[in-house]
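Got a structure for you, questions after.
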Amino acid sequence: MRIVIYPGTFDPIHSGHIDIAERASRLFDKLIFAVAVNSYKKPLFSAQERIDMILESMKHINNIEAFSTEGLVADFAREYKAVAIIRGLRHVSDFEFEFQMATMNHHLNSSVSTLLMVTSEKYIHLNSSVVKDVARLKGDISNFVTPVVMENLKAKFGLT
Amino acid sequence: MRIVIYPGTFDPIHSGHIDIAERASRLFDKLIFAVAVNSYKKPLFSAQERIDMILESMKHINNIEAFSTEGLVADFAREYKAVAIIRGLRHVSDFEFEFQMATMNHHLNSSVSTLLMVTSEKYIHLNSSVVKDVARLKGDISNFVTPVVMENLKAKFGLT
Amino acid sequence: MRIVIYPGTFDPIHSGHIDIAERASRLFDKLIFAVAVNSYKKPLFSAQERIDMILESMKHINNIEAFSTEGLVADFAREYKAVAIIRGLRHVSDFEFEFQMATMNHHLNSSVSTLLMVTSEKYIHLNSSVVKDVARLKGDISNFVTPVVMENLKAKFGLT
Amino acid sequence: MRIVIYPGTFDPIHSGHIDIAERASRLFDKLIFAVAVNSYKKPLFSAQERIDMILESMKHINNIEAFSTEGLVADFAREYKAVAIIRGLRHVSDFEFEFQMATMNHHLNSSVSTLLMVTSEKYIHLNSSVVKDVARLKGDISNFVTPVVMENLKAKFGLT
Amino acid sequence: MRIVIYPGTFDPIHSGHIDIAERASRLFDKLIFAVAVNSYKKPLFSAQERIDMILESMKHINNIEAFSTEGLVADFAREYKAVAIIRGLRHVSDFEFEFQMATMNHHLNSSVSTLLMVTSEKYIHLNSSVVKDVARLKGDISNFVTPVVMENLKAKFGLT
Amino acid sequence: MRIVIYPGTFDPIHSGHIDIAERASRLFDKLIFAVAVNSYKKPLFSAQERIDMILESMKHINNIEAFSTEGLVADFAREYKAVAIIRGLRHVSDFEFEFQMATMNHHLNSSVSTLLMVTSEKYIHLNSSVVKDVARLKGDISNFVTPVVMENLKAKFGLT
């Protein structure tokens, strides 16, 4: 069984993430979201809230799991016996960051490769920060997140 | 059985290509090199010579095949029932070209995704043109190509 | 009356060009396509064929004209009393080329500014070379060009 | 009457901004600075101080106005009946951010286009952060800001 | 005597820095590390700790010195009679930042040029933040820093 | 004596090259232009014409020499006992090419480092192709080349 992991902050999951996860899950036997708990960043949602939104947003796909991690992605991959790390690529600045991460992860765990997937062009300008900014300012984000995420964002910003 | 294709000109195959193919071949059941026959570009080696160098350079890997194609990569992928297209990424300029190709191939064959793999840092500055330039000017390329490719390059440039 | 020019090779015009021209034509009183006749490049279509395809593809817009030029864009802008040059932007590599052109044109004709318009994300991976390559290899380009351009491409490649 | 808006933080306005605003104001009937009030960022100057510096620095141009906004740029554009959003471009990293903003604004208000103007090469390395850093460390910024801004910076840093 | 300075935060010095400093020190008569004391950034190590780690890590090279500075790099260069500023380049995003700094420093001190040196490919993905992140999460950083730096990182993170 | 080489095609030398050479020549004891004779590219000027224009354009600097080479830059550096290779940097696309060259040259001759110098912002958009294009179309290039180069360009294009 070939397992891959999809690490990220997912604060919250949006349509770009869902598109990557759907396509990657068809290429391997299982895809596991690795939700980063980073004490330095201050996410809007707790790790558990982020996992719940992922599982709800991806419930149409069978071979998906999601766990949080405080450690290195390379160690998470080893623990879950993953053969590869999946990441989405939108921009040149993504590219450099992903390059650095891919090389460091390969150094720390040489049995795992990083596979970068091109984000669908209709989500190429999307990221979690923009989603949160637009939601906070009451713009329409219904094309960019699932209903559960939209509800959670409204609740966080006191817009319900 | 999950098959992936690795399209390119491979004029000639070098250590960066070999690194990508080795790692990708472990993630899927078969990897097929799709050697582009492009009437506009004038490669140094014929398609058959390029295929022969690929097969010789990759003979330590079992699940590798190589065929030439004059058509679209998307059609080649369909013909060989591939689930994904593998490509190596070194640079920002690679990135934009790969993005464009990935999107067009997805448009032409939506059942196939493109997976970009980060080139190992020791081959990050390597490409077939540099290999040919250095070989032609009698520089040392033994770290960058297999013996069979080195012999073929010397023969082409009359350096044997 | 504020006139802008839209310079390019347009070999042939595609949906990305049409999107830029439609949006720019609403911001100014007239938009003039400046079709480059460059003796160094070898376009697939003659300047007259390219102008004819532009005018046919843009016939739903009133304030559009198209002329060919063998000279500098800065001189064309001066001749047609243009206040600005319009260009579409898709990629980082576009960006650097456009920057260079914008600065040189400003040097040669300081009364004209360059306005770069962001290509709609659904055409972000589109360019005339890809359109021609896919058409030549019998791929489907109906989403990317108007019927008149599709007919002309088929005729050029002997596919009718 | 064709109105455009020029959104930004302008903390404070510098010569690069002035160059863009001068050139854009000649292409349209009115240019309105939209000064972002962002509760997350902590600007050095208050919104009113930033507006006052803009109006003083641009007083040689007639068709300029400046207002602050706490909302979305797309909503500001709608409120002021703007046909386009003007932004300056200096760098590749600018480019990606502007691309994302342009696409999101087009999604939120499809009647408004974004026009990117190439910053004059003599201001290509200039931004408000560098201006503040150099001023704070007592470097010479007289080529980069107007006298009113220089006075305000000195006052803020207790250098008068 | 031709003196060059090598400015940075060096929080802490890593193998990429050492590689640049070794090569640059051979091209000039003296190389002085200029360790930035920036009240806005919060470095992990104090300026004195960073200087001590630099001097210990570079003790195999004779013509090296290290001092801290709270002021402009251009002023530091003037004070130490430097003819050039040395900086390492790894990535495109480095490139833009270095470009901006080089131009501003040239403006502030026209007698000093900036020389950018290409980081060795084996350190191309390395920076101080990644070193600190991996050390904090107990990953292996022995290839990336000298023993003194490894000890200091362990002590800071309570891992000894 | 520390010697550096400045390799390039210099077809023809322009103000950006002159700026780099002036600044680099002050940092070392001798600067040698290495004029590439490349049988694949078709330069407008012969190697001897290019050397003559370099020497005439740089005659205000004492420690400059210029020679042509058909071989590898790394071998030229070894032959002339150079400690470093100087190159100018303008753009991101420059950057990637220079990176690749720097790494390959370091592989072929580890005793030589590459020093990249930031082009002055007023020449950031300048290259030899643009100079030739504008000259051929009778645009004004007097700010970009020395009189001897302007005369030679006019003669080549039959504009005298």
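Each chain carries a letter (A, B, C, D, E and F) given by its place in the written order, and its residues are counted from 1.
Going forward, contacts are C-beta pairs under 8 Å (C-beta built on N, C-alpha and C of every residue); 3 or more make two chains touch, one makes a residue touch a chain.
Since the model is a prediction, treat every value here as computed from it, not as a measurement.
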Tell me which chains count as touching both chain C and chain E. A, B, D, F
Can you give the whole-Å distance between the Cα centres of chain E and chain F? 30
Residues of chain C touching 2+ other chains? 92-93, 96, 99, 103, 121, 124-125
Let me make sure I understand the interfaces: which chain pairs count as touching? A-B, A-C, A-D, A-E, B-C, B-E, B-F, C-D, C-F, D-E, D-F, E-F
Residue numbers of chain C touching chain F in their complex, please. 70-72, 74-75, 92-93, 96, 99-100, 103-104, 107-108
Sites on chain A touched by chain D in the complex: 91-93, 124-125, 127, 130, 134, 137-140, 143
Considering only the defined contacts, which chain C positions touch chain A in the complex? 92, 121-122, 124-125
Going by the contact rule at the top, pick out the chain B residues touching chain A in the complex. 2, 23-24, 26-27, 83-84, 89, 92, 95-96, 98-99, 102-103, 106, 113-118, 120-121
